[in-house]
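You will see two complexes here that share subunit A, one where it goes with subunit B and one where it goes with subunit C.
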Partner chain A sequence: MDRDALLGLESLNQLALTPEEQDEMLAFFAAREADWESLAQVDTANVERMVHVRPMVNVLREDVPSQPFSREDLLAQAPESMDGYWQVPRVLQ
Partner chain B sequence: MSENTLFITENSCKKTEGGFDIGLDDLVLTQDAATSAGSKMLAGFKSLFEARIVERLREAGYDIAGKVNIGEFGFDFLGESSYFGPVIDADGHLVTATAKLLGDSSVDAVVGLDVNGAQARAASLSGQVHLKPTYGCVSRFGTVAIACSGETVDITARSTKDVQQVLDVLAGHDDADGTSLPASECARLTTAGFAEAVGAGEAFAAPITHVKVARGLMNSADADTKQLMEAAIQTLSSEGIGVTDTASETDDLFAVANLAWNILMCAELCNNVNRFEGMKYGYHTEKYQTIDELYTKSRTEAFGYLTKVAILYGSEVLATGNYERCYDKALRIRRLVSEAFASEFAQGASAGNAAGQTAILLPACAKRAYSLADVEANPYLAFEENRFTAPAAITGLPALTAGGVQLVGPAFSDVALLRLADILTADCAGKEA
Partner chain C sequence: MTAYETVIGLEVHVELATKSKIFCSCTNGSDAEPNTHVCPACCGMPGMLPVANRQVINLGMTAGMMLNCHINRTTTFDKKSYYYPDLPASYQTTQWFAPIAVNGYVTIQTEDGPKDIRVKQIHMEEDAGKLVHDNWSYTTLVDFNRTSVPLIEIVSQPDLRSADEVVAYLERLRSLLRFAKVSGARMEKGTMRADVNLSVRPAGSDVLGVRTEMKNMASIAAIRRAIEYETARHIDAIENGIEELVQETRGWDDDAGKSFAMRNKETAGDYRYFPDPNIMPVVIDDEWYDRIRESLPELPEVKLERYVAQVGLSDYDAGILAQSRAFCDCFEGAMAVGAAPKEAANWIITNCTGILNKRGLTSEDLPVPGKALGQLIGLVNDGKVSSANGKRLLETLFDLDSRGEDIPEDMVAFAEAEGLVNSSDTGALEAVVAAVIAADPETAQAYRDGREKALNPLFGACMKQLKGKCDTQVLRSLLIAELSK
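Right, the complex of A and B next:
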């Protein structure tokens, strides 16, 4: 991981680190290389991936329309609202 | 922010006469109080609905004392990353708000979300009891999702009896939680369900008669912690519990379990906190020109450093070129750790204790006290000292911290673990008296 790659990662994740934070982050990533090397030493050639810790089955149910929350409750979550709608920043010039 | 914020919001019902008051950590959604997840991003956020566990507690007549301060998104070391500040005890030690409130008898139990072992460490340092139940037996519906494949609702209290009392209310199937196990399996964690299983001779209800010491992890702790472990071994032995060591192959896998867990936890965290972009929830920056700038400035200003580390690490381990050797590898190591546990549990049972179950004994943290200076000197302690809690987190097995040490048992052995821990806590109580 170099500074350019870190900048790309920041952009991807919509973050902007300070130069000091970038230095710390680069040191953190350098230390993780040793972690990955330790993991590489573990033989997993014939080991299946374990995504769920307990056996899981997909649970399906009827798709029934409902109105769990009122318009007023939902608008109360908005930083700003107008005419019964969420008001968001202008994104098209 | 200042130090020693214990409650983010505090209800007037706190410490009702003769009541049993429960604090909820700040990752548990409530309608009557804000849920901030310890983050500036969600400071003041009010949910439209309540977590299933809150509904269960209210229906059972419990008083909710308030929302308890936690580290940002609950995955740090001892709550130090909270937007509302860390908690320091009278001796200058770093503790969690949960441990402080229980120690002060301000609440009788705290229910929250165990993401990365913070409350287990705090309970170990404070002589309290912490249970991370078998994954899938307590609904996570209405908790702020961080690392869904391993996190569970947890309970911290001053005694095993109090933990069981709360567990009796919380354990149960929930259709709203896609990882919730069938009702018959969830009931195994309750007093009534356990008693029924004892009568039926079910394996998970057998007493724990053998303990295997994770010697490799124990030896990575400091002298005081090793002494505490030796005292626990002696106490258990004197009560007729068989004690042997885990196999060296198991120790080797336990040694890398947290490296794998860090990958899975950060990858899941990275995706889960993506929803916090400064628009739909919580904080958004005031000055911006474009929508991209709004997102980036909001996230940069609202997330703490450790969360930024976790987001970027989680993103990196999922990136093309790293996926195979990181994320995919971690999933395969999860299976190996799970199989190592199963092997240890089976070997213990075959070593003359066929009628009983086996648990693994290990520390919950490496030292007996930490200061704020410790986490300032090494902000990544949460990714290093979680080596003691990661084996249970990555496998979903129940883990109980009591008497300063940690016990990990087979799935559904929660009640059996609590009963075994009575030996350890009784010994502590005797020493204090």
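Right, the complex of A and C next:
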């Protein structure tokens, strides 16, 4: 992870890190990369790709609609709402 | 002068025809009042657990089989990260590592004959919400009704070479998905949308040019115009160098007839795909696979051939019916209750289409079950309902559907309830005939003197008094008999 890659991630996540925070993150990633490199020592040549950490499959539900929550219940969780909509800062200039 | 070749690949999003959303049980109906089909799961509340809808997997498999794909027997869901208020969880649940279907093809007809367009993959995913930007300068409003509505994305290989081929591909795709009841695939309603990836290169080159993507195109006519414009823009940039081509996402302004830069295209890495730990893998065993395979519909071209060769329709009639799954279902349903094929076809092509056109509906909107149409045709043929009242009854079925009411199972009882069954009381008919003749002795005498056309106004006057409710053959016979006395 170099500074350019970090800036890219910052932009994707809409963050604005201070130079000190950037240094801290770069040091963090460098340490993690060292950890991951140690994994490369394990021989995985004959190991099948693990699809999921749990041994369960086909946890599915039938296509039956239900509406257990009202709009009021949901909008009560919104920081701000207007006319039945969730309200967020304007995203188009 | 250099000849150029346009290279186009499409990503087509299609909304699946399920009753509920892909990962929660909220109703799949995004046209409702804002935020009325929402729950903590599709609003991305922390701690909520999504559970996949079995019917989404069924329809994903169906689409894969219709497009000649290999079905991945173990298919998994993954998280695609992006940060935007229409996606409350800050990631979209989609398929990246093991999509439901891969390596298929769609055959289109071109000027040079049939051409296979390879399908790279079909993956299942959730739709995003809708943002409302208008009217307010300081805020954006969010409607989550569409969030988690199930979609499939059909990704083609860059095998398309012209706007004509793209249109043929989209029309074929739409027809196959409608016939299999995977989706209504209505571009005008936003249930089918296409992203057009386009680049231009000198003819004969095997190196791809700079690719731009036009997102969320929702009309075939607009797609054609956008491809023609974008091809010209690329060639101009290559030849004149005034504008530098960059890989980017562009929007299409159909009114202005121009594309415009939106944002630099993310790379796959930017989305930071990773397996969704909350959704268990789906494993499709032979029984499930075979069940879906056996449920596949007859293809439109096979129906067309059968309607001509076995049912005896003309190429023209069969061609019209085979364009629409709803038409085919109605036609076959009517025949199943005894309607003659030609007659059933005529009712659909003439009467039903007339009503559909008048109401601004398409052939896929036909609400009349085949059984109802077949019974209606039988009532008219048996003289129990006049032809005019038969058409009135047909129109009433459309009215019922538009009000969300059920179409009646028994058309005989329905015709009686509507008061449109012909009177079988010959005495009543004779009384009307006698009264009409008595009221217009001059016309009656003219008929008796040999002017056969004089029968028509007398017949019309009888029909008026009977309000159209009579067997016209019987009435005509009675009228002639009375005048001959």
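Convention: the second predicted complex is superposed on the first by the 87 of 93 C-alpha atoms of A that agree within 3 Å, B and C clash if a C-alpha of one lies under 4 Å from a C-alpha of the other, contacts with A are read in each partner's own complex, and residues count from 1 in each chain.
Quick note on the criterion: contacts are C-beta pairs under 8 Å (C-beta built on N, C-alpha and C of every residue); 3 or more make two chains touch, one makes a residue touch a chain.
In this text the structure is predicted, and so the values were computed from the model without any measurement.
Once the two complexes are laid over each other on the shared chain, residue contacts for A:85 go to subunit C alone; subunit B is not touched. By the touch criterion stated above, A:71 is placed in contact with subunit C alone, subunit B being left untouched.
When both complexes are overlaid on chain A, the residue A:17 reaches subunit B alone and has no touch with subunit C.
Taken together, the two structures place residues 12-14, 51-54, 56, 59, 61, 68-69, 74, 77, 88-89, 91 of subunit A in contact with subunit B in one case and with subunit C in the other.
Those residues of subunit C that touch subunit A in the complex are listed here as 18-20, 25-28, 33-40, 43, 45, 51-57, 74, 76, 81-85, 98, 131-133, 136-144, 266, 270, 275, 277, 279-283. For subunit B in complex with subunit A, the residues that touch the partner chain are 46, 48-49, 135-136, 149-150, 175, 178-179, 181, 252-253, 255-256, 259-260, 262, 270, 274, 277, 279, 284, 288, 290-292, 294-297, 299-300, 303, 305, 308-309, 311-313, 315-316, 319, 325-326, 328-336, 338, 380, 394-397, 411.
The touching residues of subunit A, when paired with subunit B in their complex, are 1, 6, 9-10, 12-17, 21, 24-25, 28-29, 31-32, 35-36, 38-40, 42, 44, 47-54, 56, 59, 61, 68-69, 73-74, 76-77, 79, 88-89, 91.
Residues 8, 12-14, 51-54, 56-69, 71, 74-75, 77, 82-92 of subunit A are the ones that touch subunit C when the two sit in their complex.
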